[in-house]
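Presented below is the structure to which this report refers.
Per-chain numbering from 1; labels A, B, C, D, E, F, G and H assigned in written order.
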Amino acid sequence: MSTPYKRLDKNQAAVLLVDHQTGLLSLVRDFDPDKFKNNVLALADLATYFQLPTILTTSFENGPNGPLVPELKAQFPDAPYIARPGQINAWDNEDFVTAVKATGRKQLIVAGVVTEVCVAFPALSAIAEGFEVFVVTDASGTFSEVTRQAAWDRMTAAGAQLMTWFGVACELHRDWRNDVEGLAALFSNHIPDYRNLINSYTTLTGGK
Amino acid sequence: MSTPYKRLDKNQAAVLLVDHQTGLLSLVRDFDPDKFKNNVLALADLATYFQLPTILTTSFENGPNGPLVPELKAQFPDAPYIARPGQINAWDNEDFVTAVKATGRKQLIVAGVVTEVCVAFPALSAIAEGFEVFVVTDASGTFSEVTRQAAWDRMTAAGAQLMTWFGVACELHRDWRNDVEGLAALFSNHIPDYRNLINSYTTLTGGK
Amino acid sequence: MSTPYKRLDKNQAAVLLVDHQTGLLSLVRDFDPDKFKNNVLALADLATYFQLPTILTTSFENGPNGPLVPELKAQFPDAPYIARPGQINAWDNEDFVTAVKATGRKQLIVAGVVTEVCVAFPALSAIAEGFEVFVVTDASGTFSEVTRQAAWDRMTAAGAQLMTWFGVACELHRDWRNDVEGLAALFSNHIPDYRNLINSYTTLTGGK
Amino acid sequence: MSTPYKRLDKNQAAVLLVDHQTGLLSLVRDFDPDKFKNNVLALADLATYFQLPTILTTSFENGPNGPLVPELKAQFPDAPYIARPGQINAWDNEDFVTAVKATGRKQLIVAGVVTEVCVAFPALSAIAEGFEVFVVTDASGTFSEVTRQAAWDRMTAAGAQLMTWFGVACELHRDWRNDVEGLAALFSNHIPDYRNLINSYTTLTGGK
Amino acid sequence: MSTPYKRLDKNQAAVLLVDHQTGLLSLVRDFDPDKFKNNVLALADLATYFQLPTILTTSFENGPNGPLVPELKAQFPDAPYIARPGQINAWDNEDFVTAVKATGRKQLIVAGVVTEVCVAFPALSAIAEGFEVFVVTDASGTFSEVTRQAAWDRMTAAGAQLMTWFGVACELHRDWRNDVEGLAALFSNHIPDYRNLINSYTTLTGGK
Amino acid sequence: MSTPYKRLDKNQAAVLLVDHQTGLLSLVRDFDPDKFKNNVLALADLATYFQLPTILTTSFENGPNGPLVPELKAQFPDAPYIARPGQINAWDNEDFVTAVKATGRKQLIVAGVVTEVCVAFPALSAIAEGFEVFVVTDASGTFSEVTRQAAWDRMTAAGAQLMTWFGVACELHRDWRNDVEGLAALFSNHIPDYRNLINSYTTLTGGK
Amino acid sequence: MSTPYKRLDKNQAAVLLVDHQTGLLSLVRDFDPDKFKNNVLALADLATYFQLPTILTTSFENGPNGPLVPELKAQFPDAPYIARPGQINAWDNEDFVTAVKATGRKQLIVAGVVTEVCVAFPALSAIAEGFEVFVVTDASGTFSEVTRQAAWDRMTAAGAQLMTWFGVACELHRDWRNDVEGLAALFSNHIPDYRNLINSYTTLTGGK
Amino acid sequence: MSTPYKRLDKNQAAVLLVDHQTGLLSLVRDFDPDKFKNNVLALADLATYFQLPTILTTSFENGPNGPLVPELKAQFPDAPYIARPGQINAWDNEDFVTAVKATGRKQLIVAGVVTEVCVAFPALSAIAEGFEVFVVTDASGTFSEVTRQAAWDRMTAAGAQLMTWFGVACELHRDWRNDVEGLAALFSNHIPDYRNLINSYTTLTGGK
């Protein structure tokens, strides 16, 4: 078994959101914009829901790369926010690594733009330092599907685990009995098909 | 010129939303669910923004087809709402046609689920009675791309004009000087790439 | 309006099933086999459900083209069955045209294999003789999507109307109040998503 | 050789069907519904044909997720049926694991909805406990192809073997001389192209 | 009926092969090379089989466009061969038009590289002069699918009929009783699936 | 013949470049960015090569839409340049229409961003006033392929002719003898496959 | 390095062609038929060209699976030909394994229909016995791309190397100086783009 | 961790450009030509920008394969240039290996045409000799996506790291503070979306 089952644990995990900036987002072409926006906000909502330590970082936010997406800034007002002065690999930034280590977490849930650089570089560096890395593939975007596949290939070979925001949420929650309403709201807000199921159900059963 | 330019006019147009029901939406597979939901809500928002008379109708909403999507019901609380007792073609329902004619409008902007039935049937009937019909292709969904193409082909041959919600909004607005803020908000809320442009711009110019 | 709305009427329509033979089906590559089989059987079921006169024909069924699909033979044991001795265009076969005319119907619902030949040729011939022709696009298959598009283009230009089996069923039925149970069974048997809706609904309401 | 050839053996294998529920199926978009339904029923038929111990489980079947697909319930009336009270990973449910272990089998053939959660979680857990896991990829569905690819990647890295129902059937059967008629019927019922071959052959050779 | 059924007649039709040159073929990207080569040779074989007058033409064959594909040159050693000194639209070349008119045929079957230029220009010119034009879409290639679609659109609007080599062969042949062996050989040589049918059939029936 | 052959004539044609602005280009997703940039610059180069009157226009260029692409501004320093104060349809701007009419040309070659608005609106308006309109499909971009198809459908129905920059260049040039070197350079600069042909040829013949 | 470079050697390699039968070929849908036929014949030609020991085997060739493709039978008249009486995995057939071992070769180049069964099973078995296995992916076909991907995943995990016929030919040949004419003919016969290069070149240089 | 993070270092890396020849480029069909040309030139520009030792090699450049793309020859006038007399695997050419070793670099950035041969063979050979190999996937082209996937699979299994030119540039640069202007120019010249960002930004901030 080359990469044994590493299971996400809400007491062990932190979320790293890397370079979701308004300019860089115009480079993302491996996901439809509506879907990608939804995926990123869903990841943000799950980080909030599970109260995971979350770290924000940007690259050159005063230049053409543009500012961090305002919704993320608004959702995590107290999160460590590292505007990197130049390092491309966030892991090369001391403040960023310090913030990661300060969480005391060993499982890193990473997403960003673009996948093969802003996600892959810190992911590979973190693995090399012994962290368990979970890439949120659908909240990470890049130039093309070919680029994405090459980036996945490199990260997988190094031991990263590829997931999606929905899989991350399910693995963290473990058991619906921990809380039905909150998780159902998370899913309903970000999965139209699921919302339809709930609306049909609610109407028929007369309940909320 | 087989179908001369018929230009949408906000004083001549009404919006028909046909069978966007929670159950029927599970049949839609020619659009990604995130994108489709966004398109339907964008159409609803533009109907509100341009104060177009809007008519809602459903088919068998107490059965498996499910209730009207709640967001639409909430957005148009005073719109004529025709729960058809059985007619598949909304135009076969007298109340529906009466409501349409009561608007006094000659241009009908139509969207619905599924395209080849709930959209095409009333569209073809309305054309046959002399209305100008504008199909909002991206707020209308169906089983597959093949089905959509066949439906477009039939409607085009009969003289319907195929548009998207964005094109409809632009053609109705005519001139940005009529109102910049409102239209920009409509676009920003439903086009992530456009929102990114505005966010980058606003940050740089220090403006709103 | 180049092709005005011609509306299917169950008292005016007949179904022509052309060359759905076990050998020829191996040529069909514009639909997945599971889906195509389902579409053809759905069309057969709707012909039975609406009691439409149905005509079967084959080309060279004792050679490599193979016999008619057994399910069709079994479903229409009393339908006119014309094994053409050589004519490629079924409309060139006198017995076939005689059978069509004997139905007294003016609306022809046509499907077959392959689209650009076995469907297009009789469709074009029938239009030239004044029939209204409705092509069931998803129960007609051919070598590739390019071939299908070219065939659609030629038939549309001549005035054929492109539909799918679901659209045909809905246009023929007109009003659910004519019969709920039968049509729901037809849809449930051939649309898995619809069956799921009904099963969810039935479970919740405890009814049939 | 990182994952050596583990060969399915009908005396060593059990089948786990996880969360094929009428509501959850509306989330599946990486397979066409006709094809997916066929694949799931084919897997059920092969489990019956090879008399493999089969275990059914569902998640929240009284809520929006909906009941188990009725065909599966009907086909395995005596199979262990675990309606999980809340555990997302079926392997977290003691009754489920007990049922699996009670089969005495070491090879687990797993399929379910959705792939990255309901299939991947128990698959990874079972591998961690020393089971050999065979994922039936075409009887497992999820939100998108991207999600599927990420899920496959994670399961492969952990040592799961990816198969399809047809490959599973062939590997279990080993030799046509064990039984021609039964296996041919299984294939003919679920592979239209194969049925066409058999029908052509039977006609030419004068009967089955 | 905007474009009524014009039926190919082997006594009325001629074939125009425009600019299938070894250099220009490297520009063709809307068909896979194996498939495209097969389609062009199939069209050549049907022209020979039906003894249709055939005209070859090239553009700048001593420059980078390269010589005519040798197989075509070899197959039609006695056909009029017009190496155009510069005209892009073959119909602007007097010798070419003279050769076309010398055939006495009113139906022109046209194929070439690239579709929107070498096919569309002479097709549109010929229609303007009263010829019936049949475009062999799958023996005509160009830069991309978008380019092809635009070219089809322009030609269809002008009244050209879109076909494929197989449809052309079937429409010309009319009745298998005119000759089974020759047409079956044509199909068998260019349709692998058809060849497989014949080989299976021949083996079972012990025939040739 | 619904849309007879209207042939581009370099003495009758003008080019309209509508809203190719740096911000709006981030909305274009129906073409790969590398390809789209190349197509737009190729159109600009052909306008220069054939000395066609060219008109530039922009919408809100000081806001988020961004400035005109600098390469276009540089290439046409003396062209009429209409920065529209608010009109969405360029044809609603009096200065624009005046500039168009001042060219004295009756054939308008139109490209822009986005297709269904910035191209379709002025195209439809110009047709309504009797101009012949040629849409350069591959130098016009929009949100998605679905949007593009709907826009093409509407423009085609009104009599616009769909072309690509390569087809436009070929139809304008008529005969290579008018100038080989210039046209070959145009193609070589914008068609890598063509450049390869020329480089291979030149090397072998020792020429330029 | 999990799978180190194993390099094909023409003195160490044998070719196994498994179940390329006329009936089974109708199941292949992950390659276009024209392309697939070409790939299989190219593999056969390279086996002949490099004088590799080649072994043919079929499954149930007197039933619906049909006879071996006649071209293969004709090309290898003296090759071991094992018509398996029932074993699905060719490696379960003693005669087949004996024939493989009789070649004395340790490198096995395998292709067949369908990929996940007729190729994967003997490939996995051979690896387990210490052979080096090279799968010719483009001369192996199956039901769908999903099936192919799952089969590739399983074979790769076990250490098989995925290649194509062209890569195999190049790796075996090592150096063009061993023979230019023969290899160029092989490529020219099976790669239309390559043949075009050669034809352009030959014409310009006046050579053969 | 099967393939630990090997990080590109501009003092350790060399670039190998293998067989980007004008004839061979016509075989590349897994990338659009505009995009592929841009990718190759971007890789050349980054090699120049980072002053990486670069080695050029060709195969049979006087035959149909054609000369090296002139832009590459021009950009690296002093680079070792090995016109191989026959070796297909560049690593079999002593001069090539000598040139590689003369760079003293242990990290090899490889791109070429076609991927499964001209890239994969030397990549695998270099890995076997202890080099770290980074494949520039988007500057390497081949016959089809299937071929590319198989080639990636083989190279990944042997330990090659798959990247793109953009990822290579970012990993080499490490920190924008090393130089903003040069890297921004590199990106702006080869990423239209990035150039748009810069143009919008520059206009707003009044800078150049």
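Here is the rule we use: contacts are C-beta pairs under 8 Å (C-beta built on N, C-alpha and C of every residue); 3 or more make two chains touch, one makes a residue touch a chain.
If you want to know which protein each chain is, UniProt gives these names: A, B, C, D, E, F, G, H = Nicotinamidase-related amidase.
What you see is a predicted model; the values in this text were computed from it and never measured.
Set against the Cα centre of subunit D, the chain with the most distant centre is F.
Repeating the F-H interface with over half of its contact pairs identical by residue number, the matching pair from A-B, A-C or D-G is A-B.
When the interfaces C-E and E-G are ranked by C-beta pairs in contact, the top one is C-E.
Distance between subunit A and subunit E, defined via averaged C-alpha coordinates, is recorded as 54 Å. Per-chain Cα centroids separate subunit C from subunit D by 34 Å.
Centre-to-centre, using mean CA coordinates, subunit D is 49 Å away from subunit E. Counting partner chains per residue, subunit H shows two or more touched chains at residues 2, 23, 26, 32-33, 66, 144, 159, 191, 193, 196-197, 200-201. Subunit E contributes residues 197, 200-201, 204-205 to its touches with subunit D in the complex. Put simply, subunit F touches subunit B in their complex at residues 2, 23, 26-27, 59-60, 63-66, 85-89, 92, 114, 116-117, 120-121, 124-125, 127-128, 143-144, 146-147, 149-151, 153-154, 157-159. Partner subunit C is touched in their complex by these residues of subunit D: 22-23, 25-26, 32-38, 66-67, 69-70, 191-193, 195-197, 199-200, 203. Residue ranges on subunit E touching subunit C, taken from their complex, read 1-5, 7, 31, 137-138, 152, 156, 159, 161-164, 166-167, 170-171, 173-178, 191, 193-194, 196-198, 200-201.
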